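Sharing a structure below in structure tokens format, with a few things to ask.
Every chain is named by a letter (A, B, C and D) in the order it is written, and numbering of its residues begins at 1.
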Amino acid sequence: MATSEVEIQVAERALQHHFADMEQQKETSTFGMWMFLLTEIMFFGGLFCAYLVYRSSYYHAFVEGSQKMNIWLGATNTAVLICSSLTMALGVRAAQMAKPKLMIVLLLITILFGLGFLGIKAVEYHEHWTNHEFPGPNFHFQTGDPEHPASDPQHTEIYFSLYWAMTGLHALHMVIGVGLVSWIVIVGAMGAFTPEYYNPVENVGLYWHFVDLVWIYLFPLLYLISHKHGG
Amino acid sequence: MLKNFPLFPERASAMAWQVDGLYFLLVAVSAFFTLLIFALILFLAIKYRRSAHPYPEQIEGSLPLELAWTLIPLGICMVFFAWGSLIFFQEARPPKGAMEVYAVAKQWMWKFEYEGGQRDINQLHVPVGRDVKMIMSSQDVIHSFYVPAFRIKADVLPGRYTQTWFHPTKAGTYHLFCAEYCGTDHSGMIGQVIVMQPAEYQAWMSGGTTGSLAENGEQLFTQLGCATCHRFDTQGRGPNLIGIFGKPVLLDDGRTVTADENYIRESILIPGAKIVSGFKPIMPTFQGQVSEENLMALVAYIKSLSQQKGAAGNQPGASDTSSAK
Amino acid sequence: MANHSEHDYVGHIIPSKIYYVIWAILMIGTAITVFAATLELGIFNIVVALLIATFKGTLVVLFFMHLRYSTKLTMVTVIASIFWLFILFSLTMTDYITRAWSTYTGR
Amino acid sequence: MATAVQTVERENYLNSNYGIKSWLLTTDHKRIAILYLISITAMFWIGGFFAMMIRLELLTPAGDLVSSDTYNKLFTMHGIIMVFFFLIPSVPAVLGNFLIPLMVGAKDLAFPRVNLLSWYLYIIGGTTALVAMITGGVDTGWTFYTPFSTTYSNTHVIGAAVGIFITGFSSILTGLNFIVTIHRMRAPGMTWRRLPLFCWSNYAAALIMILGTPVIAITLLLVAFERAFHIGVFNPALGGDPLLFQHLFWFYSHPAVYIMILPGMGVISEIIACFSRKRVFGYEFVALASIAIAVLGFLVWAHHMFVAGISVYAALVFSLLSYLVAIPSAVKVFNWTATLYKGSIRFETPMLYAFGFIGLFTIGGLTGVFLASLGLDVHVTDTYFVVAHFHYVMVGGMVMAYMAGLHFWWPKMTGRMYPEGWAKLSALLVFVGFNTTFFPQFILGYMGSPRRYHAYPPEFQVLNVLSTAGASILAVGYVLPMIYFLWSLRYGEPAGPNPYNAVGLEWMTPSPPPTHNFDETPVVTWEAYDYEHQPQEEVTVGH
């Protein structure tokens, strides 16, 4: 592979003193990122465990809560995230192939998708908030069907606690993700990355896909529990 | 309490000897291994001290030895596991026909209610030689019912019942401790378990009460309007409660649960959580309207409905086959 | 791994076509998930939803996150995360599933 | 010979730069280790002060020295400080940070800046927790059991929880750094089978850090949210299950005791090998036992909950698994003992501490078997028996190992020897004081004395007085090293690169090591603990 002198210089600058060569540095950084994601999985895992326990014990309450979710907004958001993952993956590929401009364009689109996701989420949050579906003293749950009053509002409140905690934590990760991608765009525009040194792009990409992955599970678990009857 | 320098609390229940037996064996085995290790270290360290043994011999390890000290401790452990579990299962399963005492724990006191309707605070009176089953709940935080002389302990949780049991063998007064940290006056949440001779106990029990626990429950059952739906025939809008206690109940989502104390409690407080198959979720919640004590009275009443049925089944001529199906 | 030589520190470049194909499958998967939720499958609703989610997640991890082209160590990391989640869920549930058994059955 | 090298003071990590910024912005793992050493020592004394207050209060049966609220805060803060801010970071963050790169022959940890970040997180978390304590304290017990912590306590629970949450990330990042370093930064020839056991055990502890810590982080976050917004995930009054909190809490906090003890075991392996001048008996088994403990340690958490109201069948499963985790610990003890066989044993201070560790850890471990046994656990759980058991493992085990390691590597870290006579005295004081403090508590526990009691029935007084007397001896045993270590910084004998004539890469570089650890990347051609080919030591050190 032909590398220009500038690239070699950039690569030398990018090699930290305690690594023997670029290969060791790259593999180390990628492995470190995966380790971090392992931690993240366990972090969400605690919440998923709580979800599992309560859902298995209070299925009715969870069904009633889940029926308050806007499936179409949720499904749209899933699609938005999947699209953002595609542009992210293509962005990393552009970095690998020494196409910094293409990378920046793709990452900017990724940011737009990310912001779009957060916007839609905000609309949903607003709806739940005004419907008193935020847990706490103001929580007031109605099924909206006088035939079937809420059977177990207490545990529906727990459903909503978990809903807010899980999606809120996820949204926080999205915000951090948007920040990280913006950072990559800025640093990338200054010419920091080469096919030899693009670990930060790769790692931010891994993070972004991981956040997408969490949502892929959150969507069916929170939005699609059951839609057959009113409780 | 024992004088001088006691190493064990008194043994005042049938369980105490069993627990102590396991304890003695464990102490013996532990002492053996501790002394073995101490002696080996001392012996080897002195024998192979630098001045006596200046040139070490390199030894890589030994598979037979490794296997030996993996498998032998494992075998010993399995013995303790089996024995400990046997004792635990006895502790966890109250025998049939035990007298029942209801306990409510709150910061920082114990309240007891007997089947006869008598009440006690921080004192638990029980007769020698009867099985006693404790059904316990907390009004606030987690507490723990601990009687060292009986070698039993069970956490008392808010929002549900936990249970334990004992069989006192020796009259006397014993410590009752709260063993789960519960706030400011945790160390003051202590009481006494007073074990009495049966005759004495009868005399103590005959003190004036307004009615047994189940009778109080029956009154509440009427007052709260439970009886309008839970009729004792098949016409009610709610399930007939006669004979349900301790039996499996089929729910509308296909699951089966046992109608134990916790199920009855939950059905009163959160009726929508588990709906009996064939009924509609129309029962209002009684959360915040019934105190822990009244809940226990209601539970005792619903239990008594099943005991009457069972008693009837034992009479000659009366067939109990319908409920056995 | 397959095309990853030891001294090639330029990561494996995946043809962009693969990314588009994966993207399409993920989008279709999402549509199927929503559709399946409207069916009445009883307990299988959740099973179907989780199976699809797991299928989608696997694709994301294998291709978008390049696991298919990564070292064995990375694969072990992913397997470890699933294993520990399994420990957390299953051992917690041993308590919740069997809690109601203890009091009256078998006495 | 040692002094000859030291006459010309060569540049090392300590004297390369003296500015305060050069410390606070350092990415050198050795300097970060020193930063940790200073901060956790401060935490140790704060936690120790609380412990002394507790012991003084318990001299008499009545609660007369402090009020019951104060007492509750004392044992809570003792627990929080000692567990989260001393024991968990002690060996990994100080000795591990300093030694792992040296032992594997690397210039630094894999992520030096992350390493510095984790120290700052520790400081921020520690400060948050300390502020919560100074402004009013916490009284939930270090276990934060709900619904007491979420609803009934009116102390600074959120502050303490947030402090632990932040420190948790410090722990996660340290663990991550260790794992990546051991996987990716080993010098040529340093294969897994040549890796020092200290690295193996820190690797195992790091696994627990990254897999367990996130779960307690999210759990404590939920507790803080419950308090702040009156949400009821763990509050039974609002439909939650307090046992779920206990499950999630112990999912981390039980393995956390292995975070505390595993690195200590690594220290002991190094020391036993060095002072017996032998390869550790059954090296592979000791290494694998570390990993086995780390994995099995995740399967046993509910043995803290046998009487808490969990299913009896679940209790059965957890009891069985708890016995299994005892086995690898036993394997280690037997292997250490067997290492002495036909060795050439020297009784220097680190070795004395190591002997103390093996003895006390054996007792601590065996009493753990009592607690794993269901029928017996019902009686002794939540009593002083448990207190004694975990202090035998944590103080008798871990703190002993930490002191052993600190003595062993002190010359490496500072270039100076500690005064051997005083050090032996303190080792003896710690051993005697510790046993006098905690052995009576086993009896106290079986007698039925519940833990966390401010006032207790008078028949328990004799044992409590004994315990307090022992604690005073123990305190002297800890104050002494503090003094002579500081003394040795200026007046200690220069140590030379390898004062114990030990084997290992860390001993092949000067003491204190240069900033880049090794002048040339070492190439390892020998097995771990290759004492066979190490020249006899009469050549090097004479006291």
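In the analysis below, contacts are C-beta pairs under 8 Å (C-beta built on N, C-alpha and C of every residue); 3 or more make two chains touch, one makes a residue touch a chain.
Predicted, not measured: the structure shown is a model, and the values here were computed from it.
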item: Longest centre-to-centre distance from subunit C, chain (CA-based); value: B
item: Middle chain, criterion being Cα centroid separation; value: D
item: Centre distance in Å when subunit A and subunit C are each reduced to the mean of their C-alpha atoms; value: 15
item: Centre distance in Å when subunit B and subunit D are each reduced to the mean of their C-alpha atoms; value: 36
item: Computed distance of Cα centres, subunit C from subunit B, in Å; value: 41
item: Separation of subunit A from subunit B, taking each centre as the mean of its C-alpha atoms, in whole Å; value: 46
item: Junction residues of subunit B, two or more chains touched; value: 92, 270
item: For subunit C, residues that touch 2 or more chains besides their own; value: 73, 80, 84, 88, 92, 96-97, 100-102
item: Shared-contact residues (touching 2 or more other chains) in subunit D; value: 183, 211, 215, 239, 241, 243-244, 247-248, 251, 312
item: Contacting residues of subunit A [partner subunit D, same complex]; value: 16-18, 20, 24, 27-28, 31-32, 35-36, 38-40, 42-47, 49-50, 53-54, 57-58, 135-137, 154-155, 157-158, 161-162, 165, 169
item: Residues on subunit C engaged by subunit A in the complex (per definition of touch); value: 7, 9-11, 13-14, 16, 19-20, 22-23, 26-27, 30-31, 33-34, 37-38, 40, 45-46, 49-50, 52-53, 56-57, 60-61, 63-65, 70-71, 73-74, 77-78, 80-81, 84-85, 88-89, 92-93, 96-97
item: Subunit A-facing residues of subunit B, complex; value: 253, 270-273, 275, 281, 287
item: Complex contacts: residues of subunit D adjacent to subunit C; value: 183, 211, 215, 243-244, 247-248, 251, 298-299, 301-302, 310-314, 317-318
item: Complex contacts: residues of subunit A adjacent to subunit C; value: 1, 21-23, 26-27, 30-31, 34-35, 37-38, 41-42, 45-46, 48-49, 52-53, 56-57, 71, 75, 78-79, 82-83, 85-86, 88-90, 93, 96-97, 195-196, 198, 202, 205-206, 209-210, 212-213, 216-217, 219-221, 223-228
